[in-house]
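Heads up, the next two complexes both have subunit A, just with different partners, subunit B and then subunit C.
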Partner chain A sequence: MTFRLGLAGPLAMLRAEMADMLQYRVVVFLYALWGFIHPIVYMAVWSAVAGEGDVGGLRQSDFTAYYLTFMIVSHLTVAIEIYTFGPMIQYGRLSPHLLRPMHPVWVAAARNLSYKAVAVLLLIPIWTALFLVLRPEFGATPASIALFMLSLAGAVLLSFLAGTGFALLAFWTTRSGSSWEIWMGLTFLLGGQVAPVELLPGVMGQLAAALPMRYTLGFPIEVLLNRLPPGEVALGLALQAGWVAAAAVIVALVWRAGIRHYEAVGA
Partner chain B sequence: MPPDIRVHGLVKHYVVPERGAGLRASLRSVWRRRRRLVRAVDGISFEVAPGEIVGFLGPNGAGKTTSLKVLSGLLHPTHGRVDVLGFTPWDRRADFLARITLIMGQRQQLFWDLPAGDSFQVNKAVFGIDDAVFRRTVGLLTELLELDGLLTKPVRQLSLGERMKVELAAGLLHGPRVLFLDEPTIGLDVTMQQRIRAFVARYNAETGATVLLTSHYMADVKALAQRVIVIDRGRLLYDGALHGLAERYAPHKTITVHLEQPVDPAELRGLGEIVSQEGAQVTVRTRKDEAPAVTGQLLARLPVADLSVEDPPLEEVIEQVFRGNRT
Partner chain C sequence: MRLARVIWAFGRAALLDETAYRGELLGNVIRSALGIAMAIGGLAVVFAHTRVLGGWTMEQVLVLLGVYYLVNGLVSTVLSPSLNKVVQEVREGTFDYMLLKPAPSLLLASTRRFVVWHVSDVVLGAAVIWVGLARLEANVTLAGAAVFAAAMTAGVAIVYAIWLALTTLVFWFVRVENITMIFNLFFETGRYPVEVYPFWLRQLLTFVFPVAFITTVPAQTITGREPLVVLWAAPLIAAAALLAAVRFWRFGLRNYTSASS
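This part shows the complex of A and B:
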C-alpha cells in the first residue's frame, strides 16, 4: 500500500479537525477540565502526607510543582484514539478515509492534535491561576527545559502510537476499550500518575523504569523538575526512543494485519 | 482498448458469530460460540469497458455492495483476481485512489458539523488538486448539481437530497475515471433522483468515465445503463443488455388496448389473462409466443383505438430472475 507523501493533506485535515473541534468547544473543555481534577487530588493527598517534612525526599513544594506540570503534560499526552479511531473502524466510518490517498492514521493524528490545541487554549487561564495561587518551585534550568521539550515530544508520540495500537484492535473486537483499560491501569500505577516514579518501591520502580508507561507521562516531568541525574536522563531518552520505534513497528504491523480483516460490519 | 474493470472468480466470504435469542442462548454462547460462513460473493466474473455504464442489480444481501467495496479497495477478497485501471484495488496505491471514487448513498465522507466547502478543501489537498482545476471543477459541479448556497451551510443542516448532491460532488472533485455508485439515489424524492441521474449521464458523456451502479430504483438503471449484471446470493445470474433481461426471463408480454367504447367483459374471453379493465382501457397478459396471435384477435374482435405491446415492468422481470434462482 502506498500513499502520497507530503504534508498538505494532513495539514488540511488538521485545519478541518480544528474547525470541527471548535464546534464542540464546551464539551472539549469539560473533558479536559476533568483531566485537571485528578492531579489536584494527588497533589492534595501527597502534600498532606508530606506535611512539613518530606516523602522520599519530596517536599510539599515538589509535589505542587510535579502535579502542576503533570496537568499540562497529561493533557498533551492523553491518547484519545480508543474513543475516536476505534469507533471509526468498528462502525465503518474508516471507509471514506481509505478511499483517499492519505494514510488514515493522519486523521487520528489530526483529531488528537486538534483536541489538545483547542482544549489547551481553554485550560491555560485555569493553569495560570493555579500557578499564581500555589507559586511552585520548579527548579528548571534552560537545559532541563530543552530536554523536557524533547522528552515531551517523545511522550506525545509514544502515547499516540499506544492509543492507535489499541484502537486498531477494533478490527477484531468490538471491545477494544477493555484492553485499553489495562494500559491505563498500568499508567496509573507505573507511569507517574498516582505517585512520582521515584517514590515507587523496589520491583515496582524497576518495572516503571523499563515499561513504556513512564515515558508517556512521568518522565518529561522528572526531566523538567531536574529530578534525574544526567546519565538517567540520557538513558530515559534512549529508552523512550526505543519504545517509540517499537510502537511504530507494532502499529504498522497491526494495521497491515487489521486492514485485511476490515470487513462488512457497517463498512 | 483494455477493459477498465476485470473481475475473475471473485469470492468474499465472512465468518459471522451467531446465537439464538434469550438468556440461555446467551449463556451457551459464552462457552461455545457458533459461527456461520456467509458467502457474500461466490465466484463472479465480468469485465467493464472504458466509458460503459453498467447497472449492478440484486436483492438486499446479494453481494452488490461487498463487490463494490472489493473493487474500490476497501475489502480484501477471499479469492479471485480483480484489476481496475491496471491496479489491484486492495493495494490502495495513491495513483489508483486518485482515479476512482466510491459513493455510497448511506455513508458520508463530509464533516457533519462543518460546511461542505471545508471537506472539499481537505479533498483538494489530499488529492493534490491544482487551484485552477479545483475552482473550475467546483464551478462545474455547482452548475450541474445546483449546489449554489449549499457549500457554505453546515452539512447537518442540509436536506437528504442536498447532502447527496454535495457527497456526489465531493467524490468527483478529483475527476475519477471509474465511478462506483452504491444506491446514489436512495431515499431521495423523484425530482432529486432524476437530477442525480441526469448528472451521472452527463458526467459519463463529458468525461468518458466508467460507471458501475447499484440501485433499487429501476428508473435509475433504465435511465443510465445499457447493460446490467444481476447477482443473487453472491452468484452471477445475468450479464448482458438490459432489454435482453426481459427476453430471457419474462415469459409473457403485456398488451394494453384503448377501445373506442367500453365492451362487455364477456367479449374479452379467450384473449389471455385480463389484468385490468377500466372503462375503455383493457390490459391483457399473454405468453410471449402467443402475443402476435392475441394482438391479431384483439384488433379483429374489438373496436381498438390504440394498442401497445410491452415487456412487463423491469421490477417484475428482476423479481422473476430472483424467484427463478431461488426455486
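This part shows the complex of A and C:
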C-alpha cells in the first residue's frame, strides 16, 4: 500500500471533521467540561494543604497558576483516539479509508484537531473568566514561554501517538479500553495531575521523570512556570523527543502488524 | 406484594441476561481495583506532604473514598442501566410499551435493569471503608453503625433523585444521553471531603448539588469526627429531593407525547 504525499487530503479531512464536530457542539462542550473538574479538585486540595505556608516551595498562588495552566494544557493534549479511531477498526469502518490514497491515521489526527478546535471556542470564555477571578501569578519569562510552546507541541504529538497506539490494539482485542485505563491511571498519578511532579515522593518522582506520561501533560506546565533549572529543561526536552520518536516507531510497527491481521480476518 | 414480585421477576431476567457476558466480571473487578489503587496512590501523594486535609486524617479520607466507590457502584449497578434505558426507549419510541404495563411506571423505569458485574465497585468500596475503619481503630457502636446506615440511605436517595430529575429531562429534550454526565462531573468532587473546597464551591456542593450529603456526611458519622452541623438535615434534604424528583417525573410523563403520534 502506498500513500501519496501532500497535505490536500489531510486538509480536506480536517474540513469535513470540523463540520461534523460543529454539529455536535453541545456534546463536545459537555465532554470538554471534564477538563475542569480534576484541576479544580486538586487546586482545592493543594491549596488546603499549603494554607498560608508552602508545600515543597510551592505556595497557594503557585498551585493556582499550575492548575489553571493544566486546564489548558490537558485540553490541548487530550487523546481521544481510543473513542474515535478504536471503534473505526473494531466495527470495520476503517475499510473504506484504506482505499483512499491517504494514510488513515490522518483521519484520527483530523478528528483530534477538530475536537480540540471546536471545544476551545467554547472553553476560552470560561478560561478567561477563571484567570480574571483567580488572578494567578506566573513566573513566566519570554524564554520559558518559548520553551513552553516547544514542549507543548511535543506533548500534543506524544499524547496523540500514545492514544493512537492504544487504539490500534483494537485490531486484536475488543477490550483495548482496559490497557488505556492503565495508561490514564498512570498519567493521573505520575503525569502531573494529582500533584506537580516535583511533589511526588521518592521513587514515584524518579519514575515520573523517566516514564512518558509526564511528557504528555505535566512537563510543559513546569517549563512555563519556571519550576525547572535549565539543565532539567534540556534533559526533559531530550527525553520528550526520545519518547516521541519511540512512540512513532511503535505506532508504525503496530499499524503494519495490525493491518496485516485486519486483512487476514477478511474484514 | 405484587410489586415485590415484579421487581424480583425483573431482577431474575436481568441476571439471566447478564450471565451471557460472564467475562465482564473479571474485567470489571480489575478495572475497579485499578481505579481504587490509583485513588489511594493519589491520597498517599497528598498525605506525604501533610497530616490533615481540611481537618481529615488520611484514614478518614480513606473511609470517605470507600463511601464514594460504594455509591458509585450502586449507581452503575442499578440506577444508570435502568434510567439510561428510559432515555434510549423514549428516543426510539418504545417507551410507550412500558407505560402500557400494569405496574407503576416509575418503579419499572428505575428497577428494570441491573448490571450485576458492577457490584465489584460496591464490594471493593465496602472493603476500603472497612480498611479505613480498621486503621482508625474506630470504635463503631451499634448506634453509630445505624446512624451511618441512615446517612448512607439519605445519600443514596439524593443520588437517585438527581438521576431521576436529569433523566426526566428526556421528555422535553429527546437527545440527553450525555445529560447524566453532569452527575458524574459533580460527583467527582465527592472523592474529597467538602471542607477542602473554597467557600463558594462548598456552598454549591452542600445546598445546590448536594454531593456533601452523598460522601462527606456519611463518612463524618462513622469516622468519629465531630458531626457536620448539617447532619440532621440529611434525611430532610433527601426526602425533599425525592419528592421533588418524583413530582417532576410525573409532570414530565404528562408532557410525554410519544414518538409515533
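Quick notes
Basically, the second predicted complex is superposed on the first by the 262 of 267 C-alpha atoms of A that agree within 3 Å, B and C clash if a C-alpha of one lies under 4 Å from a C-alpha of the other, contacts with A are read in each partner's own complex, and residues count from 1 in each chain.
FYI, contacts are C-beta pairs under 8 Å (C-beta built on N, C-alpha and C of every residue); 3 or more make two chains touch, one makes a residue touch a chain.
Bear in mind that the values here come from a model prediction, so they are computed numbers and not experimental data.
In the superposed model, A:56 lies in contact with subunit C only, and not with subunit B.
In the superposed model, A:182 makes contact with subunit C only, not with subunit B. With both structures placed on the common chain, the touch criterion links A:38 to subunit C but leaves subunit B unconnected.
In the superposition on chain A, A:102 makes contact with subunit B only, while subunit C stays out of contact range.
Contacts of A:128 after superposition: neither subunit B nor subunit C is touched.
After overlaying the two complexes on the shared chain, residue contacts for A:92 are found with subunit B alone; subunit C is out of touch.
In the overlay built on the shared chain, the residue A:27 is in contact with subunit C alone; subunit B does not reach it.
In the superposition on chain A, contact of A:262 is made with subunit B only, not with subunit C.
Contact with subunit C, but none with subunit B, is seen for A:194 once the two complexes are overlaid on the shared chain. Once the two complexes are overlaid on chain A, none of the subunit A residues touched by subunit B in the first is touched by subunit C in the second.
Here subunit A touches subunit C in the complex through residues 27, 30-31, 33-34, 37-38, 40-41, 44-49, 55-56, 175, 178, 181-182, 185, 188-189, 194-195, 199-201, 204, going by the rule given at the top.
Every residue of subunit A that touches subunit B in the complex is listed here, in rising order: 1-4, 6, 8-9, 11-13, 15-16, 19-20, 23-24, 92-93, 95-102, 259-260, 262-264, 267. Note for the complex: subunit B touches subunit A at residues 14, 40, 66, 69, 72-76, 91-94, 97-98, 100-102, 104, 107-109, 111, 113-114, 118-119, 121-128.
For subunit C in complex with subunit A, the residues that touch the partner chain are 27, 30-31, 34-35, 37-38, 41-42, 44-46, 48-50, 53-54, 178, 181-182, 185, 188-189, 191-192, 195-198, 201.
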